[in-house]
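Submitted below is the structure of interest, expressed as structure tokens.
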Amino acid sequence: MSTAPDKPLILIADPEPRTLDLIFEPEAMARLRALGTLRVHADGQRLSDHDLDAALAQAVIVIGQIDLPTERLSRMGRLRAIFNIEGNFLPNVDYDWCFRYGIHVLNISPVFATSVAETALGMALDLCRGITATHENFRSKSEAWGLESNAESFLLSGATIGIVGLGDLGSTLRKMLTPFHCEVLAFDPWLSERRIREQGCVPASLDAVFQQARVVFLFASSTSENQGFIGRRELQLMRRGSVLLLMSRAGIVDFAALEEAVRSGHVRAGIDVFPVEPLPADSALRSLDGVILSSHRSGGTRDAFLEIGRLVVADSDLILRGLPPQVCRRAERETVAMMRSRPVAKS
Amino acid sequence: MSTAPDKPLILIADPEPRTLDLIFEPEAMARLRALGTLRVHADGQRLSDHDLDAALAQAVIVIGQIDLPTERLSRMGRLRAIFNIEGNFLPNVDYDWCFRYGIHVLNISPVFATSVAETALGMALDLCRGITATHENFRSKSEAWGLESNAESFLLSGATIGIVGLGDLGSTLRKMLTPFHCEVLAFDPWLSERRIREQGCVPASLDAVFQQARVVFLFASSTSENQGFIGRRELQLMRRGSVLLLMSRAGIVDFAALEEAVRSGHVRAGIDVFPVEPLPADSALRSLDGVILSSHRSGGTRDAFLEIGRLVVADSDLILRGLPPQVCRRAERETVAMMRSRPVAKS
Amino acid sequence: MSTAPDKPLILIADPEPRTLDLIFEPEAMARLRALGTLRVHADGQRLSDHDLDAALAQAVIVIGQIDLPTERLSRMGRLRAIFNIEGNFLPNVDYDWCFRYGIHVLNISPVFATSVAETALGMALDLCRGITATHENFRSKSEAWGLESNAESFLLSGATIGIVGLGDLGSTLRKMLTPFHCEVLAFDPWLSERRIREQGCVPASLDAVFQQARVVFLFASSTSENQGFIGRRELQLMRRGSVLLLMSRAGIVDFAALEEAVRSGHVRAGIDVFPVEPLPADSALRSLDGVILSSHRSGGTRDAFLEIGRLVVADSDLILRGLPPQVCRRAERETVAMMRSRPVAKS
Amino acid sequence: MSTAPDKPLILIADPEPRTLDLIFEPEAMARLRALGTLRVHADGQRLSDHDLDAALAQAVIVIGQIDLPTERLSRMGRLRAIFNIEGNFLPNVDYDWCFRYGIHVLNISPVFATSVAETALGMALDLCRGITATHENFRSKSEAWGLESNAESFLLSGATIGIVGLGDLGSTLRKMLTPFHCEVLAFDPWLSERRIREQGCVPASLDAVFQQARVVFLFASSTSENQGFIGRRELQLMRRGSVLLLMSRAGIVDFAALEEAVRSGHVRAGIDVFPVEPLPADSALRSLDGVILSSHRSGGTRDAFLEIGRLVVADSDLILRGLPPQVCRRAERETVAMMRSRPVAKS
């Protein structure tokens, strides 16, 4: 391999489940190519073992989910950044090595924030006002008219809102709530109260969120420590007729308790993620009232996928100019172990 | 009738279709009673003809839809304001008389703005992203998962938006769009370009709105001059897959053209008002894809009705202190004739 | 005079103290000419009495401060609007006649709002932080450095603010305060509490404003009822070291009390208007510490004067299209008598 | 020393030029004490060498500017964070060691952002409108009145603005400009264009900033690479009568060129920092028109100093809970060497 000495090698390796077309629009790909020498090791254009080893040895930037254990990293003397473009921090990288040697490990989770927040807001407005429920009644010729049709409606404007998990998703949703003049309670044990307040939220305990908020958005990551932390007890703290949006990971909720709370009419729920996906055909959720079902699709719009390429190019540009990355999410020494979760099966 | 000479008479007369409980929460009613002597002429507590005449002769403020022709107004020497609490300016008042003698004629249409704008935004997000459509697919066990499920989705954030009618409803919706960083084109022939720009919109022709906007909100009032002004031609100007929200009055749209545009997949539509309400059971709209149907319920929430009382009290207080009203909508000499429309049948 | 029958006559009459060049940039003048037939009766181009009478008889719109008593108005059968471009409602118009016959009387006071609010904010930041005072110390080579120099400084961000008079000026200033995250108390007896809250302020009594606010902005109009209503008592309610901005009319303040409060160090003040203008050369204010003096110039920028023409054109266009005016301020039957004040001597 | 085994040691060492009273209000100090065992090594309460060594060996958190060379760090096995509370990253720490071993090095520069941005905005409004200049004319009884007094005024609202350096200071100022509806050009070679756009600015070259902006704010840090990068050429690119605010470091500007540009009337300038401080008594700047002088005091308010303690406590709390810091500024491997500058002499 004869790379010009002054052109840094950018290696795309194991980008799956993403395809390059999905994440790089032509302009982003052109900008990436202008930054260095590009080598691709992906489905349909695999490098030989020899060529892959050579590329790794020269790579300054790696884009993709290729395994990077200690043994491999120790032979990558020029490496400065690894971009995971699947969205999570996977356990196939020796993070300690990277922290020690100043190699940035980055993911592109911020790209989904706008898309998820829009869906969450749309579902919240829908459930506050019974939009989908009324539409279903039109299908069965049973809709009510006039005031009676709004018996269970309430305005989002002025309502008390709860946000569980005030990361990219939660803070993007928070901004979308600005015109509604809501008090917003936020629970996020990873954030200082100061950061929570800076984002226009009131720091609150998990219990306070469920007791006081009329609409609760669940954006928490699934970590090794918070499986099922939203259960029957928390749901029963909600006022009857409240609204719950589950947008991040199914694992944070006790699904049996959620199903029961919806069935009994205690909460109305919008659900984008499920313990088993696709949701089994015989799931009782499919026939409940008071629920809007969504097939793990709140984030994955075409627009969001194209953002991946733009973020990778923006931070690659900075890194190759000797500056720190700014737009992707960095793995942090303290939290990366907890953040790791299993990869998604497909885009 | 023995009214204390210093207590102005406030007469509630023919408030139907509103009931007093619906529009006055206890605090508002207490504030109203504190402003003057209250007399009520309503279903269930009708005054005799004699008492009604006496009350009219003394009334400083009239709240309700009672007929006020010249003959009656000419005997109401203390009258300073008439509040129509049904929402429209009805043709049963001699407006010229009122303008000449400085009697404010007011309606409470601003109370519906937040409620309608929330529904409009919720439906728009739904249609951009296929929320209800996906949910219906869950019901029939046919939902798609992953990227494929978002094939026709687009983000509201950054999309070009059109607003037809930038009154209370449109301007409230405009504020809710702020966090989405959209370019917003507005068509409103009653507004100066300056007023349109002050609200963060770009003045545009009707054609430009339909050609350029990906999501068009219809908030125009129905006037004597604009029946069916949105027809086949305008709908065909839209880019395929665009979104249309009809929130104000059915009369402004050619419904046959709208139905055809939805059926063909040219637009996705949220529809809250219909030429005949309730919508006939055999309407083809009930079974179309690409539509969300709503039973003329976007505005009439319990919260909105309680706002009526608060607005009436706020402006009555000002008027009785010798100041101009500020929060209700005033009839204007130039436009009131065009604005008149038939009353609604019930709350 | 041979006006085309379909071209409405627009008469500019006695525009002084404004000159046409000052208020109409070429584009605005071109737009005005396009609206109708323009006749000008102004210094340097006076019409004969006969021609003036003829023009008045035909005029649909009058722009200027010409006397319009009953006798003259009664011969102006086509008149629909009068624009006072000096900024006040003067006592030389028969307002009752205008109200009765639906003639809009308008002034252009909104044009000064941005300019005045910018100056007010600039002076407030200056006084909170001692900008001008420190600069004066540089002139005399006596400035302090480091922390000591900020002994009396406080941040505007987070401070409690008071606004007296929440009209165009006050509400424009309120918007400029948004990024400072202040609690803003407003006193305005002409506004409903609802309107005050809608603008992001807390309705408060005059005493509460002076007791609680660290920075008080005075924007109240001078009316027949509020001469000197801010006196020694109110100023002494302020916490020592607070900041006062007098931006609207000198008449609302007891100037002797103000001077004493500044001299004693009780308040720091920015003053744009004075009981006698120009301020006499021997005024003690000229040598006090803790004051910023401004020569009634906060509003009258070139930009603001050009806004006059734009407002007049925008509302003339609406009126000639049969619509109500929207951007100028309308005389109101209830308040115009109180609002009248003497004309300014020159632009 | 008998530290309870479970109480982490927090060592305040060489906090000078800060005093503890200056930066920790009682509540912040109480919260700090609640986080661990506090040891102080400061003027007036110096530890013996032996006790200092013992404290360093146990310290989990160090607050202050104590020298931390390799030799010392290698004996600090529990160290997790170093807070520089002076505001800069000083060259007396072995940063490579810290990066390698995951020790956070933090400074508190964000505390000055609000205070500096308020001063910058106040000075900008002043210079746009001639507030201080007019006041000085009052002192000499030479002030102009009326329109003439505003001959050189322009509105900030709607003006094109330039920001050089879009870090904490620049982005805080940017938010304060929101209500003025300005186009804001930003030059910051350390930021990606994407980050610049996310903050509501247009990325621009340095030349474009000086050519197009009517008001330019200089917030750039002084680095080893940018001494005097704003010189005669850049200043001459500005349109005559423009406004320049120098708020960060004197070293980034060619002061002779700046003085000349002010003297000639080409620019009006607000200057908070000088090549030699205090500014010599015979500096010609002291007598120029078109300048506002400020004694390096824009940031150092009492409020800002108390923020230091709050930030240190907030991030200490996170770090001791095993989470990454969030509110202080982190030293970054790529930029810390360039960022180092000499310490200030006193608070």
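Order of writing sets the labels: A, B, C and D. Residues in every chain begin at 1.
Just so we're on the same page, a contact is a pair of C-beta atoms (placed from the backbone, for glycine too) under 8 Å apart; a residue touches a chain by one contact, two chains touch by 3 or more.
These figures come from a predicted structure and were not determined experimentally.
Student: Which chains are in contact with both chain A and chain C?
Tutor: Under the touch definition, chain A and chain C have B, D as mutual neighbours.
Student: Looking only at C-beta pairs in contact, point me to the busier pair out of C-D and B-C.
Tutor: Pair with more contacting C-beta pairs, C-D versus B-C: C-D.
Student: Are the interface residues of chain A and chain D largely the same numbers on each copy, more than half shared, or largely different?
Tutor: Chain A and chain D contact each other through largely matching residue numbers.
Student: Taking the mean of the C-alpha atoms as each chain's centre, how many Å separate chain B from chain D?
Tutor: The mean C-alpha positions of chain B and chain D differ by 51 Å.
Student: Between chain B and chain C, what is the gap in Å from one C-alpha centre to the other?
Tutor: 34
Student: Just how far, in Å, is the C-alpha centre of chain D from the one of chain C?
Tutor: Computed from C-alpha means, the inter-chain centre distance equals 38 Å.
Student: Considering chain D alone, which of its residues make contact with at least two other chains?
Tutor: In chain D, nothing touches at least two other chains.
Student: Please output the residues of chain D touching chain C within their complex, sorted ascending.
Tutor: 22, 114-115, 118-119, 121-126, 128-129, 131-132, 134-136, 138-139, 141, 143-147, 149-150, 153-157, 175-176, 178-180, 277-279, 281, 286-287, 292-297, 300-303, 305, 346-347
Student: Sort out for me which residues of chain A touch chain D in the complex.
Tutor: Counting only chain A, the residues touching chain D are 99-102, 190-195, 310-311, 314-315, 317-318, 322-324, 326-327, 332-335.
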